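Same chain, two partners: subunit A is paired with subunit B first, then with subunit C.
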Partner chain A sequence: MADLSFPPKRPSGFMSSLGLHRFHWLTLAACATMLIIVLMALAAPLIAPHSPILMNPGQRLQPMSAEHLLGTDALGRDLFSRIVYGARVSLMVGAGAALGALIFGLPIGLISGYFRMLDPFIMRVMDGMMAIPGILFAVALIALVEPSVPTVIIAITIPEIPLVVRLVRARLLSAREEPFVEAAVTMGGTPFSILVRHLLPATVAPLTIQLTYVFAAAILIESALSFLGIGIGAETPTWGNIMASGRLYFAINPWMILWPALVLTLCLLSINIIGDALRDLLDPQHKKRGA
Partner chain B sequence: MSADIVSAAASTVLSVRDLSVTTASGAAVPILQGVSFDIRAGQTLCIVGESGSGKSVTSLATMGLLPKAELSVTGGAIFLDDENVLDASPARLRRLRASRMSMIFQEPMTALNPLMTVGRQVEEVLCYHTDLQAGERRARVIAALSEVHLPNPEDMALRYPHQLSGGQRQRVMIAMALALNPRLLIADEPTTALDVSTQRQILSLIKELQRKHETAVLFITHDMGVVTDIADNVVVMRKGRVVEHGPVANVIQAPTERYTRKLLGSIPSLVPPMPREIVSERLALEVAGLEKTFFPGGNPVRAVQDVSFKLGTGRILGIVGESGSGKSTVARCVMLLERPTAGSLVVAGSDVAGLSREALRMHRRRIQMVFQDPNRSLNPRRKIAQTMIEGPLNYGAPKAESLRKAAELLELVGLPAEALSRYPHQFSGGQRQRIAIARALMLDPEVIVADEAVSALDVSVQAQVIRLLKDIRERLGVALLFITHDLRVAAQICDDIIVMQRGVVVESNTCRAVLTQPAHTYTRDLIEAAPGRDLDQVSRRWESYVHDID
Partner chain C sequence: MYGFIFRRLLSALPVVFIIAVIAFLLVHLAPGDPAVAIAGDGASDDQIAAIRRSLGLDQPLPVQFVTWLTSLVQGDFGTSMISRIPVSQLILQRTEPTVVLALYAMTITLLVAVPVGVLAAWKSGEWVDRLVLAMSVIGFSMPVFVIGYLLIGAFGTNLRWFAVQGYKSPGDGLIPFLYTMTLPAITLSTTYIALIARMTRASMIEILGEDFIRTARAKGLQERQVLFGHALRNAAVPIITVIGSGFAMMISGVVITESVFNIPGIGRLVVDAVLGRDYPLIQALIVLTGVLYVAINLLIDIAYAITDPRIRYS
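After this line comes the complex of A and B, so read on.
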């Protein structure tokens, strides 16, 4: 019909959003910081000048020098090398917790939000889980089984699951009222096809943001657990362990706490800034204004 | 009109001169270009135009409410009693609002604070702008509420917005807007969300108060019928420019611009065309004794009571009624989106009311739906192709064949096949509704249920979509159940009509009989309340302009 103006095809939203000029410098700095930390973790053996676990009693509590960039700890281990290796554990715990919360939280949330019959039952279980303080739960679990990276990940993930479930469920409760979901029902869609085609995509944005926060929280909790001495074994370099061992010598050598704390802070700050940037990017209203 | 005699001597309250507005960020896209008009005390000026014409931007600029981050005034002046509003400081603007000019909005539910009693909200205006004592304020609130004819104003003042009806809420908004006797009242589509009979009461209330207080009214609407009922002067706007401007009688009776003629010609007539002959005796849909009872908070609400009708293949049956009449519930029950409490539902010869889940899924392909708001009935994240072929894929049709069919159907509704690779937001509202109609046809249904399918569209687009639906019925012989609150639309498309009121069918006959010889008083009231009844002849004169290219 000639009376219809037809809009020219625009470049797709995703590609244009990759144009870096659209991001705030803070977001770019956060991304760069995270990239450096990830590379540091991956290439730890190449970067670290010394072994992170090799003790050298003759070199205890050394100040910063060319030999030991950030000095050494009370057992003569190279602090810089330990921080570099510590990134591995921190990132593993963060990624593991985020992935775990996704794998368990997303399906439970979808089921709870879509099948109204199961909803009250699932939600009461989740409420129960939320009533347990996260750190206490982790302490109890680690007291029961051997402290290791997987144990710590599990201990941190379980309290995060209800948060993800609630988020997915809330998003689904509003999305399922959308006319396009009813349209899918009238077109003969099965519950599974409607969940996958119409409801799952609606959870992607809030979920991505939530998972960045889980990631950051997990790193923080792992550090706290290690600092308390109930996390991963003291010989494994983690940021929390380094700070814990530096605690006793704070008056003599405060750098032993300050360096890992600085890296931890930078890491958490970057993740949270990236989370905020994702929220702005994935916010449909924001996108509409940009289009 | 008597207002004309008054206005000869009356002073100019609002004078908009060469107002230009552009977008503030990026390339300055013009939104308003050289808009000028005057309103005198006691007069009503209607700005009429379709969505995107800039009519709301004009009113926001007058109130000093333009979102500064997005829109900026690039030229012109807005004089309110010789004071240029555009030069006023924010503090001065705050004083001007409510005391010298005030505004009422389309949706009174969102414009009122749900957590405050309405009396308190009216009082707040007095708190900010007067030095009255509490006792005097309360007396003024009661006086304001009784002036807008709310029953028991003392009792009303203590109620919360959700305890009032839509019409009562709009009355509260008017009481609030006029509490300080402003010189100018801006009404931005104040009756669009209301039923026709409520709309008529609100319009006459605005007129009455205007006459009493000599208020100048800037009335924004998309509805030519409302214009003829209320305006002294009319400004027709299109794409940010004034197309035509003059006294209502001139603009309506002798429009000089093609666009005005097109707008007038697009108004559906209340007089239905001659009835079509019944081509097939076959029944596509038969509903008998349909009941639906909801239990909000445990108390039964009988939304639909004993509704029965028959819809033949190739026929269009309209269900008309005001909000709360149960017409949408009937549609949802017919679609089995709600399970009816009782009654039988026969689609193409088989009873479907008690089907099992899997049998119901197999049945759904025979009856499809077109929803009111095409922005929300198409998944914004999925391409048109994915949306179109979803139904056939659900029933196991091969993908390539479904895509071919989707392209054909898009062509049928007047869109090129390239549309398949785009997303819904790349289309206008009318185009999206065409896509929704094409999607409903993908499964070759026997019946299409259209629930207010043209209500969200501009009048010229509405005319095109109505034509499309009739055309599809003609070509494919599908039966159409057409739910609408708009008698004019119903008159143009339906063969038969049932009129519903509070869940009950009050009248059921051929379209022509219902509209020309209504048997029930409620139907008569509805027809009586339809705005701009004298527009029909004018409208028919410009019918050919409907096909104008934008």
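After this line comes the complex of A and C, so read on.
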């Protein structure tokens, strides 16, 4: 049954003119945070007051000041500038992994869900891939190739593919039982046209939700890899690398770790909140179940 | 019953085989020659060729795979390229800290997550519930190393309540053990607590809406009995499933936690193996964690079948 209390009150004011009154303030705050981080990444050269890689031995381990907003690290690099530039890598890795998981996961899922003969084989391979912890998979791949932004994206994407495949397949298995698919078959639709025109749209909503979480997971794993010292090279400013370089000095100046940690956590939190909001919006059944 | 277990075991075999194939291909199909990497810079072609021969890398891929798999099945994981110790021995040396850490973290998780999840479901929609939901989203979004350093900063360097690195086994006495291992265990369990509390809440809310709960309340059972006796038992299946599928997540957490707290366990071994490009060790670790994941989920499935006959027949 439709929830009659929704929308709760007459919209008014600026927010409603944009249609924003329908969303929880937390969702809006999350979107605003992500917007800021995206802008930070795009306009990094304009925002950052210093070069993120320029070492300045005379300015080592400076506290916060007007000159260095968040202080400097052990090599005299400006922390604020490094964090601003770090947003570029994180967003690139997140977007790259989400896109990669979509490009590979969607076709494989469609094939597995529609052509039942291939299904057992594909699903066993996916089960096998899922049994290997994502970080271990990524770590092993990176051990074999030189870590760079593209290789890290690939290493993070591959373990995410089975999740997308399973989701698409599951959605397809229930969608193909629908009468409209039967009707399309009766009318002589080719498997390809049925897949693309009738079954593909059914996967859009769950995929959108899933890819938001892939986006967050990729950013998380990238920062973890950098933090462990096995990710993108230490000279590239990434949030994980900044934290890794602050480890030795944690007792002296914990902010070298805490600032990037705060930005990273805020970023992940925002993506997860947006993901939850998308799920409530696109999958009302889920909300009704109380999850 | 035995039929179900047998069928379930049979269905796990291809998955284990695929894990072995992936672990094998990962090392052999990746660009870059392991022999060159081992030989290091400035090695002559002859030296590289000799290393390639000694590793069997000059054989065709399928032959290499069969050789490797055969010795794997016999429990021979090869020899570490760095320390020249059998890989199995190397892994065994590092197992105890990881298992202890994981069990401690799991204990904390269950003690916190399940009651909190039940409470949130019971007070569904009220402020307690919203607080639990908010905390679980935050807890889930915090990277493990961020949690680790926050805890180190607060309870280690500032308050000095706990040690910030190293490992003590429970055999070293309860106080040293708790002193050293509590921060790592909390660090490792936070993500898990967030996940399981949320799952418990969702599952409990669904069950609490069922007719038999109304019946239980109507016949005058105490709320505690309704919640933990009737509802939680029926809500347990999805919760246990999450514990099983979250195992992979736990491994990632272990790698990072052990690195933050300097614990000589499997997680540190993973990082060392990667930094040293120790291929046999990497392969063995992938196969072992993969198989462990399959085994844990297998056991959980069998546990369901024993407790709930409906699962056995579907």
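We take it that the second predicted complex is superposed on the first by the 265 of 291 C-alpha atoms of A that agree within 3 Å, B and C clash if a C-alpha of one lies under 4 Å from a C-alpha of the other, contacts with A are read in each partner's own complex, and residues count from 1 in each chain.
Everything below uses one rule, namely that contacts are C-beta pairs under 8 Å (C-beta built on N, C-alpha and C of every residue); 3 or more make two chains touch, one makes a residue touch a chain.
This is a predicted model, so every value here is computed, not measured.
Enquirer: Quick one: classify A:T186 as touching subunit B (first), subunit C (second), both or neither.
Expert: Once the two structures are laid over each other on A, A:T186 reaches subunit B alone.
Enquirer: With the two structures laid over each other on chain A, which partner does A:E178 touch: subunit B (first), subunit C (second), both, or neither?
Expert: first
Enquirer: Output check: A:N241 vs subunit B and subunit C. Expected answer is one of first, second, both, neither. What do you get?
Expert: neither
Enquirer: Now for A:T72: first (subunit B), second (subunit C), both, or neither, which partner does it touch?
Expert: In the superposed model, A:T72 contacts neither subunit B nor subunit C.
Enquirer: After superposing on the shared chain, does subunit C or subunit B touch more subunit A residues?
Expert: Partner touching more subunit A residues in the overlay: C.
Enquirer: Figure out whether A:M129 sits in contact with subunit B (first) or subunit C (second), or with both, or with neither.
Expert: In the superposition, A:M129 touches subunit C alone.
Enquirer: One more residue to check, A:P201. First (subunit B), second (subunit C), both or neither?
Expert: A:P201 contacts subunit B only, not subunit C.
Enquirer: Can you give me the overlap between the subunit B contact set and the subunit C contact set on subunit A?
Expert: The answer is residues 291 of subunit A.
Enquirer: Where on subunit A is subunit B touching in the complex?
Expert: Spelled out, the residues of subunit A in touch with subunit B are 1-7, 9-10, 178-180, 182-190, 193, 197-198, 201-202, 284, 288, 291.
Enquirer: Quick one: which bits of subunit C touch subunit A in the complex? Just the residue numbers, please.
Expert: My answer: residues 14-19, 21-23, 26-27, 30-32, 34, 121, 124, 137-138, 140-146, 149-150, 152-153, 157, 198, 201-202, 205-206, 248-249, 251-252, 255-256, 259, 270-271, 273-275, 277, 282, 285-286, 289-291, 293-294.
Enquirer: Which of the residues in subunit A come into contact with subunit C in the complex?
Expert: For subunit A paired with subunit C, touching residues are 124-125, 127-137, 139-146, 216, 220-221, 223-224, 227-230, 243, 250-251, 254, 257-258, 261, 264-265, 268-269, 272-273, 276, 289-291.
Enquirer: Write out the stretch or stretches of subunit B touching subunit A in their complex.
Expert: 335, 337, 361-362, 364-365, 367-369, 371-373, 376-382, 386, 390-391, 394-395, 414-416, 418-419, 421-422, 425-428, 430-431, 436, 439, 442-443, 464, 547-550
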